[in-house]
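Chains here go by letter, A, B, C and D, matching the order in which they are written, and residues are numbered from 1 within each.
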Amino acid sequence: MPAFSFNDTLLLATVLFSVGLAGVLVRRDLVFMLMSLDIMLNAAALVFVGAGARWHDATGQVMFVLILALAAVETAVGLAIIVCLHARGRPTLDADTGNLLRG
Amino acid sequence: MNPLPALVLLPIMGGGVAWVAGHVRPRVTTTSRDASWWVVLVTLIVETFVLVMATFGHPVHTGPWPGHFSMPWIPAMGIAVRLDMDGLSLSLIWLSLIMCFLCVFLATRQVTVHAGAFRFLFLATLTGIIGTFLATDLFLFFFFWELMLVPMFGLIAAWGHEDRQRAAMKFFMFTQGSGLIMLLSILGLVITHYRQTGVLTFDYFTLAHTPLSPAVSMLLMLGFFIAFAVKLPVVPVHVWLPDAHTQAPTAASVLLAGILLKTGGYGMIRFNIMLFPDAASRFAPIAMGLGVAGIVYGAWLAYAQDDVKRLIAYSSISHMGFVLLGIFTGSRMGMQGAIIQMLAHGLSTAGLFVVAGAIQDRLHTRDMRCIGGLWAAMPRLSGAGLFFAMAALGMPGLGNFTGEFLVLLATWHVSPLPAILAAVGLVLAAIYALRMVNRIFLAAPRTGLQPVPDVASRQMAVFACVMVFLVLLGVYPQPFVTFSAPLPLPVAAMTGPEGATP
Amino acid sequence: MHALALLAACVTVVGAIMVITRRVAVHAVLYLVVTLLALATVLVMLGASFAAMLEVIIYAGAIMVLFVFVIMMLNLGQPDSAREKEWLHPRAWLGPGVLATIACAELLYCLNPLSGPAPAPAPITAHDVGLGLFGRYVLMVELVSYLLLAGLISAFHIGRNRVGGR
Amino acid sequence: MGEILLPLIILCPLVASLVVSVSAGRMGACAIGTVACAGVGLSAVISVILSVMLLSGPATDALRVVLWPWMRIEGFSADIAFTLDRVSMVMILVVTIVGLLIHVYAAGYMRDDPGIARFFGCMTLFVAAMVVLVLASDLLCMFIGWEGVGLCSYLLIGFWYDDPANTAAARKAFYMTRMGDVALLCGLLLLATATGSLRMGTVLAAVTDGQLPPFSVNAAAALILVGALAKSAQIPFQTWLPDAMAGPTPTSALIHAATMVTAGVYLIARLHDLFAMAAPVMAFMAVLGALTLLMGACKALVQSDLKRILAWSTISQLGYMFLALGCGVWQAALFHLMTHAFFKALLFLTAGAVIMRAGHEQDIFRLGGLRHAMPGLTMAFVAGASALAGLPLVTAGFYSKEMILSGVWHVHFGLTREWGLSGHPLWGIALLGAFLTALYIFRCVFIVFCGKAGTRAVGRTSRLMSIPLGCLCVLSLSGGVIEMPDTLPRLHLFSALLDPGVPLSHADEPIWLVLAGAIVPLAGLGVAWVLWGRRVSVMREIPGQAAIIRPARDGRGMDVVYDRVFVQPLCLLVWLTRLDIADHAITGTGRLTRAASAGMFRARAGVVDMLAIRATGMARWADHLPGQFQNGRVRWYAAWIATGLCAGLAMVVLS
């Protein structure tokens, strides 16, 4: 019996995804949101790889590579923003204060 | 060369040149005529020549009516640029041109800022109007119908008086909303035609022969009727007119009263009576009721107004009630009475608006309470005002009476009651017209007024022309009647349907 | 399910939970690194060794290091812990928590018909991935390069503005 | 030749009017006067020439000129056509000759008035409109004249527009006549629908050979009668004429005595065939005429304003004419119309001269004793007064009134089979009216000219004004000769003139009938002499006299009633609905919705206060939903995305 059936992968990915989602919603600090975001990304990547393994198709891993690239870029830009916010002298990294685009 | 497309495109091109001219040589002094004014004048003169050529030129007999022009526009949908001219549209175009000359000569004093833009919008409205009168492709008709509104909205919103934004918005909302209802019925008609004959076309003549069930034809007819009822202000939906008129600059309100209201009447004749004859006859009692209500209601409210322009606006609602009554009597006499009434109303109300505009330019107020008697200060202007007030109250011997008499006679043929009620409207018309005359012309002059210049003799000449037209229309209307009779739809299907079969 | 697989899955989940519950940013980052490594093991078990390797090198290695570097540089840790505590007041996280659990339950309920028992005997090697990557998806690789370039420029631009103070 | 001259009659005054009004500032007063008089004079001359031509020709022919087709539409055709036959000849002579005399008088009377150009513009336009009305052979063409005359009377009554009372009187006159015109128009519509054209010939032919059902004949006759009543200020519409005295005196003379007010009588006279078919309408007209006759005479008896006395006397004389028309003797009505035009114009012009010389004083009690100051005017006024009273043999009024009385005596209305109204009671009322007429006119004569001296008269009446007075004196005294009652030498020139076919003379006319008609005016003169002639006026001693006179004097009786019944509620209603109801509704709904949302917001705010801060966030959300929604907080968006996700999945789960 293989170590990890597709069913389990989905189970794990779902849990990870919802944990990441909770993290994004709960934490008001931008850094924590970024991290939770990464968890969610990984959950998605996991599903891809799981599917690839299940149907024995390399595409899963190709998508995995892309997600990695995406995560990299996303983190880079996120951190740049955080650095810029911090440099601007904002006391806290509260996501809610940055709401200039209010309707 | 076929004059019709030139007739439609010339004003808009002239407008463009006027706009450019307005920018190139901005207005030097208020009195001197600037470049854009001359451009407008030249455009109008050339337009008149083209119209003369169209009127007396040899009729091009390709289409069912004298003037015809057709060019495929969106073949896939069966939409073509079809322009057809018969007596009715020709006479209304002549009226539009007279209105424009009237505006150019008399109502240009207060347009000092952005004169070029003002002239462009003015001529754009004229294009929309002439297009509406000529288009016999329902899509093209709708296109010109909407084209008419936008520049007029601009004119009112930019050059209007104190409360112009609200008035312009109200005007636009009303006419635009009803226009959309018309679009629905146009599409409904085209689709039913397509389902039955497999021919997808917007052409007026082929669509006229679509066999419709009574319910569907009544529905489509109502769609058209609502759009034209808002334009020709019929009582419940007339609310935009008084505001639009009081806030519009003189030239715009002359154009609005002179011609835009007539497009409503024209539309009713062309698209209600001639397109859905049986539905129209079934709808006639209600329409005549609305007409009579309009007459009495308009006159009633005109009496209570203190604002000159608002009073004139309500009086034109009352006159348009006659037009509606005449159109729906169903007989040719009623139709011709309505057309004469439209022509006469155009002339008399435009005259009244120019007089009111002149008073407002000189005294900077429209409130009759604080305009004292003007006869002593401005005998010529007051004389013109008196003449046009007499025309407005339907003095026999002037155009309005001829129209009203024919409408009343046609209505009497149908049933005496609406005719009597409409005749009561005549008494109310006398009441408000004379009340106006006795408050601003024949009244004790207000003390403390600095001397006000009277109308220049040149402008009086233009007034005189309009007066002559009115008297001619009143005393010798026969040529106008034969000239502006709407030609009936050709019974046989049009020669070769324009629409492309998909 | 094999014991080792279970262990890896638990570590991943617990790590993720610890990430979102920590008050101090540095602890959270370290937990995140742990989670990623656990995830790599899961990937190995799925037979995607190449993916696991990438995960460890790029994700855990590069991105998380960047995270740690930024957090350390901006010493976001200590002074904010009191404020974080206030933010983590139950009233704050109750709503989203409930929301997340609902989402998770629905996902689980939906996904179970999809997963069949079928086994995955042969692992997918780097060779297959390479073929796929530069075979059918060569265009996507180019697009990804553009994405990275865009990310680079924007990160540089945002970062640089700090000096200008605009 | 006639074809050219006939339109000229209309063209001359029209051109004169145009010239005068266009040249408002530039022409001098006398130049304007001459142009106006020339215009009217020319048309008078032409009408005389044409009349002579007509009289020389055979009796029945008429000169018909069709200028151009007015309206040619299927179902209706009308054209601008003019006819000069015997009836319109009489009327055109009256209008143009009396008009000319009044214009000559007015040239002198209005010389120093600044608005003389506008005055003569309107006067000549009036004559032109009146001529159109008289000569029109197409009822619609007549309607142009009919309304034109109303317009000119409005402009002339409100001539001195500085005083709002004048313009109010002018408007009142126009509204009243306009109501009648609308009724007339409905009558014309009825006839046009029935007969397809409004040419008098076709209409009368269609009516006489019974193409119209009796009901519509009666309806048409009734509507036309209402139009005529309004124009001639009879019972229901009589309040506007006394107020119309606000205009200058020549206007009152021309319009409100000689021509316009008699237009109704002329119209009915021309359509007598139509009215002959409508017996009930004739009876109603006769009764109405009699009532107006009495009411006018009583009112005139108590007036203190000289011009108002003459106005009420005009109304009562018109009552005579309508009585005659009602009794079918339209020739008598026309004859009385002619003589009335002469002596009433004379009275008005003399009154105008008297008022002008007495410093614009119109109250007869303050005038007093003017016979020494202005002997000529006194003689003219007495001549007019005697003609009005109808003193026997010597005045025209006598003959015309005699003709009416005999006509009324012999009439018998067979309204219903058993009940018929014979002419005798009407004759009695007419006789009483004659007595009252003599009474009030000689009361006026004695108070103004005899008695103690009132205000001092200044200046002399210019020669220009006295010539017309002289002519009118001659006309009003000798005018009646051409039509003698039978007992005297058989001389029926006038009725022969009108329609030679029907011999009017009644063989068995009792002699005492004529005598009664002669004695009554003399009796009236005597009683007036007793009451007001002697030094001490007996009238003042009669106790309780004030009680009777005061309500009637101000002549506001019917006016007050009309005002309270019609005008006040109408004005109130108009004021109430001055805001456009439809407009009000639409702007109202707009305001309503805004108020509702604000109200809703306030209510929401009250409830939410109790909840926690997030709840207050929700309240703000209620006020401006979209703004609140995009509040810029990233997590807020994330939360909503998550909710969306849950919702989507829930749908999948549940379906």
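A few notes on this one:
Definition applied: a residue touches a chain if its C-beta (ideal position, glycine included) is under 8 Å from a C-beta of that chain, and two chains touch if they have at least 3 such contacts.
Because the structure is predicted, anything quoted here is derived from the model rather than measured.
When the interfaces C-D and B-D are ranked by C-beta pairs in contact, the top one is B-D. Separating the centre of chain C from that of chain D, both taken as means of CA atoms, is a distance of 102 Å.
Rounded to whole angstrom, the centroid-to-centroid distance between chain B and chain D, based on C-alpha atoms, equals 37 Å.
Between the Cα centres of chain A and chain B there is a gap of 66 Å.
With centres set at the average Cα position, the gap from chain A to chain D is 97 Å.
Multi-chain contact residues of chain D (touching two or more other chains) are listed as 639, 642.
In chain A, the positions touching at least two other chains are 21, 25, 28.
Residue numbers of chain C whose C-beta contacts span two or more other chains: 95-96, 99-100, 103, 107. You'll find the chains touch as A-C, A-D, B-D, C-D.
Those residues of chain C lying in contact with chain D across their complex are 95-96, 99-100, 102-103, 106-107, 109-110.
By the touch rule above, chain D contacts chain A in their complex via residues 626-636, 638-639, 642.
Remark: chain D residues 21, 24-25, 68-76, 80, 140, 143-144, 146-148, 151, 154-155, 158, 161-164, 167-168, 170-171, 174-175, 178-179, 182, 185-186, 189-190, 192-193, 574-575, 577-578, 580, 582-583, 586 touch chain B in the complex. For chain D in complex with chain C, the touching residues are 639, 642-643, 645-646, 649-650, 652-653. In the complex of the two chains, the chain A residues touching chain D come out as 21, 24-25, 28, 33, 95-96, 98-103.
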